[in-house]
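Both of the next two complexes hold subunit A, though its partner changes from subunit B to subunit C.
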Partner chain A sequence: MEIRPIFSALMRSKVSMILIGLQVALTLAIVCNALFIISERLDRMNRPSGMNETDTFWLGSTGFGQNFDAKSVQQADLQLLRSLPGVAAATSVISVPMSQGGWSTGVSLQPNQRTSTASTAMYMVDAQGLSAYGVKLVEGRDFKPEEVVFRSMNDRGIPVSVIITRALADRLFPEGGALGKQVYYDNEGPPSTIVGIVERAQTPWLSADFIENSTFVPAFIPYGSFTRYLVRAEPGRRDEVMKVVEQKMIEANPSRIIGRVRTIEQVRVDGYAGDRAMAIILGAVIVALLGITALGIVGMASFWVAQRTKQIGTRRALGATKFDILRYFQTENFIITTMGLLAGGVLAYALSLWLMHSFQSPRLPWYYVPVGFVCLWALGQLAVLGPALRASRVPPAVATRSV
Partner chain B sequence: MLKMTHLQKVYRTHLIETYALRDFSINVREGEFVAVTGPSGSGKTTFLNIAGLLEEFTGGEYRLDGVDVHGLDDNARSRLRNEKIGFIFQGFNLIPDLNLFDNVDVPLRYRGYGTAERKQRIEESLGRVGLASRMKHYPSELSGGQQQRVAIARALAGSPRLLLADEPTGNLDSLMARGVMELLEEINRQGTTIVMVTHDPELAARAHRNVHVIDGQVTDFDDEPKLRREPGIGSRESLQAESVSP
Partner chain C sequence: MFTYYLQLGLRSLKRNPILTALMVAGIALGIAASMTTLTVMHLMGSDPIPWKSDKLHYVQLDNWSPDEAANDDGSPPDQVTYRDALALMEAAKADKQAAMFKVSLPVQPENPEVKPFQSLLRATYSDFFGMFEPPFKYGGPWDRRQDAEHARVVVLGRDANEKLFGGQDSVGKSVRMNGVDYTVTGVLDDWKLRSKYYDLTTGAFSDPEEMFLPFTTAVDLKQRATGNNSCWKAPGAGWEAYLDSDCVWVQMWVQLDSPARLAEYKAFLDSYVNEQKKLGRFPRPLNNRLPDVKEWMRDQRVVSGDVQVQTGLGFAFLVVCLVNTIGLLLAKFTRKAGEVGLRRALGASRREVFKQFLIESGVIGVSGGVLGLLLTALGLVAVRALYAQYKSVASLDWMMVATTIVLAIVSAVLAGLYPTWRACRVQPAAQLKL
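Now for the complex of A and B:
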């Protein structure tokens, strides 16, 4: 290998080497951190909500008129929904995971506890609630129809039976045995007993630090004359059922408006729109940076090939094969890229530290930089291949040409 | 050592054919010092390029040290060039970003010699041209004559059988030219065959034999070299050919 003489020659024209090296260094630092942020966002976007998202949808019913009775309309609507072919379960809800809006409260282990033990989202459901959400009950039992209470917005206290997520149970009772224990959702109210534990049900807020803490409560609380229904269709029949449900609901009660009929998959798409946008923008930045770096290498290598045509011809005349010339330029690029990458590695970790201190982002995993090394080495070798092949085709007779 | 028989080199475009060499025959024996002369455009450089395997020919036969070079692929030509031929160019063709050591090292690396052998050969060949003490210098720090000496050292480092020189003193003043010429004569005396392209009759006169080329053909040559005392070049003896019409 000709590493030493190539390196010595490069040291005679430092500016070009420094410029390309710097470009490679910045690219590595930014690409590693941007890729890590994208990977984090993708992980967030792929978190399971705990729901059956494929077969479920929700819709809103807004009544109007002075005599509109939310309770009786809700009972009639649920009866209608459950009677429709293709509907597996239906319930009235306030919120669903990923919808970014809902109720939350603190849970305490003692009455009048000064600081609550955990925060939780509250999902008001009836006896078909767990089935409509499609969450998996792992301990205890589901709600009984007689446990479901009708409440107004101003009523205090929480029903005596609740079902919580495994994460909330672990938080409240780290030693285990949450089932059957009593907890307090209202400092002044009576305690609620945990009658069931579900595997997972995320909160509606995607950025909440208690995203896995949810509580299902057997209650119906109309928001004025607005009620939301969550419907789970039989597998594969969601879209078909959605059309029928909307039509039948309007026919059953013309004194209200049916709207916001949306699948839970759409709710997920909307909920993670910001993360998706961030991933796309950072992805575009990465592609642009890599493209600019590759073009920089191509440009510089092309310039060097043009500048050294006579030198290449001389090397060929002195016995270099085409492959020797190709290898020369590939090695030269390898040296420059390696120097840039060494600086870029340090820069990447420094940038990660700055992001940690400024934005509380997690530390860049160590393996991003070595993987970045390999990728940028490959990019550099690929970028220089065209000019290097052009150089290898310089005929040896160039050595004897006077112009 | 170098034998071309009825060699042709034709450059073809879709409109015209240009004969750079036509029915070109030459036989350079081992140990000879042959000068190839002729006016500009006569085909001297084409001959040198073909002789040095830098270019291919279109007809005839060329044997280099007994090897028929026709049909050799690019790698084989590169290898043969590297092993058998040393080049000296008019413009020296040193690599400006490499010091003298690394410049002389270039053909040796392509030969695949180990580090120790390369170092020994470089030191020997630079010593032979009187530049052993300047190994770490760069070409730009040397005079033209010294640069050509480095080029000669580079050509000699691989112990070639044949040295091809293209106007080796063309870019030098007369004093430096004289020094370079004396060095070439010394190298020839030590057994290396030299073919030198020049348009300088004074230099050509110092070769064993002159071959004159016009319009791609050998028009004038002296087949049998003669030894004669040459006044004006100190007390050295030199072989010089007297041109005889074929």
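Now for the complex of A and C:
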């Protein structure tokens, strides 16, 4: 197959060629970068929180009146929650992973250290805490009931025993052997001892740069008269427990409001809503873009076929096979697409640079562009197939007609 | 002539319905993608109080640790301490000033049919209402004297009044919250804000609080803020020590009616901080800031990076759609070379031919615009479904409708210019030969 005649034919309709090429170039640049953003978001959304998300839910309780005794209500509530059929574990908490709100602080290796060694989320739990979260203890031991401290928001001090995540342990003690070591959460207070290490428990903040650094603390700290509880149901019984929990708790103590009864699955959905929306919107842009570009190629190819009907007939009359005609249009499309793709490759990296510069996004991995090449070549060939087949069916007799 | 060309254009478009549909759909999709994203970005970043956004200033003081800045970019904390807020309120050097924070209280309605509910309130000063101008339906704000007396008073939002009093004028009535009775001084009308610009520390797109109570009262009742609380140094034990600490949890706004007043206030803040430095506070270099509403919204990235990227891609998509339309129009007009030749031979000037084809592209533009507008409305429904918190910024206003139509026509005419110009250059003689 001679490329030369195709090329010289193309040169006669430069503008159309440039338009299709430009369209392919922009499509490649946008699709590559959009796909990369989508894949990043999906990776983010697939990060494990470390806790049992399928069987757990949480709820808030707010008591009325200035004389509300948060401590005794918490004791009674936990007793009630644990006695409900289908409940595997319950604890009072201040936050859960992915909920975007909670308590964070710095951890230091020395007292009165000027800047802390690492940042960590603080999860205040009682002796059933690890079990209620469903996090996996990999070293050391769980909290003992007598270790749980009651303190008000205005008191100071961090309990003497803490359990931290593997990631935080590695950060604080890169050499290993974190178990049993002492660390400082309160610069001016006494140290805390690491009594256990859990495999993983994300912080509540999905965009925190210390997302894997969490500390469990055996303490109950009500926020005024507001207390939150985390409940883990036996497998498959979560919804059944959730249905009765509000009524049971109000019956046990009517001078309060039970609110925000939500599954941790819902917390995950809410936490990642922005990432999911971004992925869906970019996905829609990609589909629409590929569709428009394909239709553009179909339209332009149809026009060329119509314009050259007579020329095709002449070629057929001179001995070209149907296959030759088909191949002519396929090759023509391949040439235009390739030129567009070469420009698009440069544009894709330029767009990536702009995104890196303006939005601190990571660099587009190199393989997106070659993969994009293959996809758009295929798209071009598919789009041109219809018009090209139509062209190949032009009868040689057309050449003999004058108009 | 215009109507005649319009008829010609419509007839020509009808002759190739598929090609026409492709062009209209292309423009419509491009318009919808760009306008949906632009609407969200425009409304997110739009000035919430244009008549005085340059007079309202957010107060930032750098009381942070000597060892590290509050933020990586060196900017001061996004809130102030209670003690500094109180000092600035008492100094009263601005034309209006309001410190504020968010609290959550259980409401115990008198009406036994209304279940107790948890309510979000803004604890602030009476100047808040004069500064941010929420519309009152009944009554009005409490006064400065009541601020000073820690009065148990409350201003209800429209929804809270609906819930508690069935929308009746409830001024003078009492609302019980966490065992304390508050007297209603005023009820707001519907207060719709595109962004909750007066407190951007816990999300820019939540609704205004359901009620408002005096700052002094909330502190008197030891109500902790439910917003963010950041400390670079652990506070001492007890409520008093917390109030006295360097923890930041209060938002502070001042109204300064002229640039001269702004300069004066800036000088006052600097001298205040220098005084405090003598007491051993404010260990960092002087770094006070007074951004106005728009600057503060920019600092706090009210328009998120995601939304900017989406808008950029939306417009890139529009460019692709336009390039597509140019190609298709070019194809179409080239095919009509014979017709052009005939008209030219019969005496039509290039100008007339140009007009005729431009009107044809205009028709495509208007149709694409109308369809695009419908698709934009659908797109905004989708945005509201995807981002629950964007409901106030994902809706079309008249300006955006007009922009959409204009954008569509301008796009289509621009796309039609080159093909039209090409069509006009047809040599009549070449086309008339058999």
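FYI, the second predicted complex is superposed on the first by the 400 of 403 C-alpha atoms of A that agree within 3 Å, B and C clash if a C-alpha of one lies under 4 Å from a C-alpha of the other, contacts with A are read in each partner's own complex, and residues count from 1 in each chain.
By definition in this document, a contact is a pair of C-beta atoms (placed from the backbone, for glycine too) under 8 Å apart; a residue touches a chain by one contact, two chains touch by 3 or more.
Keep in mind that this is a model prediction, so the values were computed, not measured.
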Legend entry - Partner chain(s) touched by A:Pro111 [first = subunit B, second = subunit C, both, neither]: neither
Inset, instruction - Determine, under the contact definition given at the top, whether A:Pro85 touches first (subunit B), second (subunit C), both, or neither. - result: neither
Inset, instruction - Applying the touch criterion given at the start, work out whether A:Pro396 contacts subunit B, subunit C, both or neither, answering first, second, both or neither. - result: first
Legend entry - First, second, both or neither for A:Phe64, with subunit B first and subunit C second: second
Inset, instruction - Please tell me which partner, subunit B or subunit C, touches more residues of subunit A. - result: C
Inset, instruction - Check the residue A:Gly236 against both partner chains and state whether it touches subunit B (first), subunit C (second), both, or neither. - result: neither
Inset, instruction - Would you sort A:Pro365 into first (subunit B), second (subunit C), both or neither based on which partner it touches? - result: neither
Inset, instruction - Go through the superposed model and pick first if A:Gly180 touches only subunit B, second if only subunit C, both, or neither. - result: neither
Inset, instruction - Kindly classify A:Lys322 by the partners it touches after superposition: subunit B alone (first), subunit C alone (second), both, or neither? - result: first
Legend entry - Residues of subunit A that lie at the interface with subunit B and also at the interface with subunit C: 402
Legend entry - Partner subunit C, residues of subunit A touching it in the complex: 15-16, 19-20, 22-23, 26-27, 29-30, 34, 37, 60, 62-67, 114-115, 153-156, 186-189, 223-226, 256-257, 259, 273-274, 276-278, 280-282, 285, 288-289, 292-293, 295-296, 299-300, 302-303, 306-307, 355, 358-359, 402-403
Legend entry - Of all residues in subunit A, those that touch subunit B in their complex: 2, 5, 8-10, 12-13, 310-311, 314-324, 395-397, 399-400, 402
Inset, instruction - Show which residues of subunit B lie in contact with subunit A when the two form their complex. - result: 45, 48-49, 52-55, 74-75, 78-79, 81-83, 87, 89-91, 93, 95-99, 102, 105-107, 109-111, 138, 154, 158, 166
Legend entry - Residues of subunit C defined as touching subunit A within the complex: 19, 22, 26, 29-30, 33, 67-68, 104, 106, 108, 116-118, 178-180, 221, 223-224, 233-239, 241-242, 304-306, 308-310, 313-314, 316-317, 319-321, 323-324, 326-328, 330-332, 334-335, 383, 386-388, 418, 422, 434
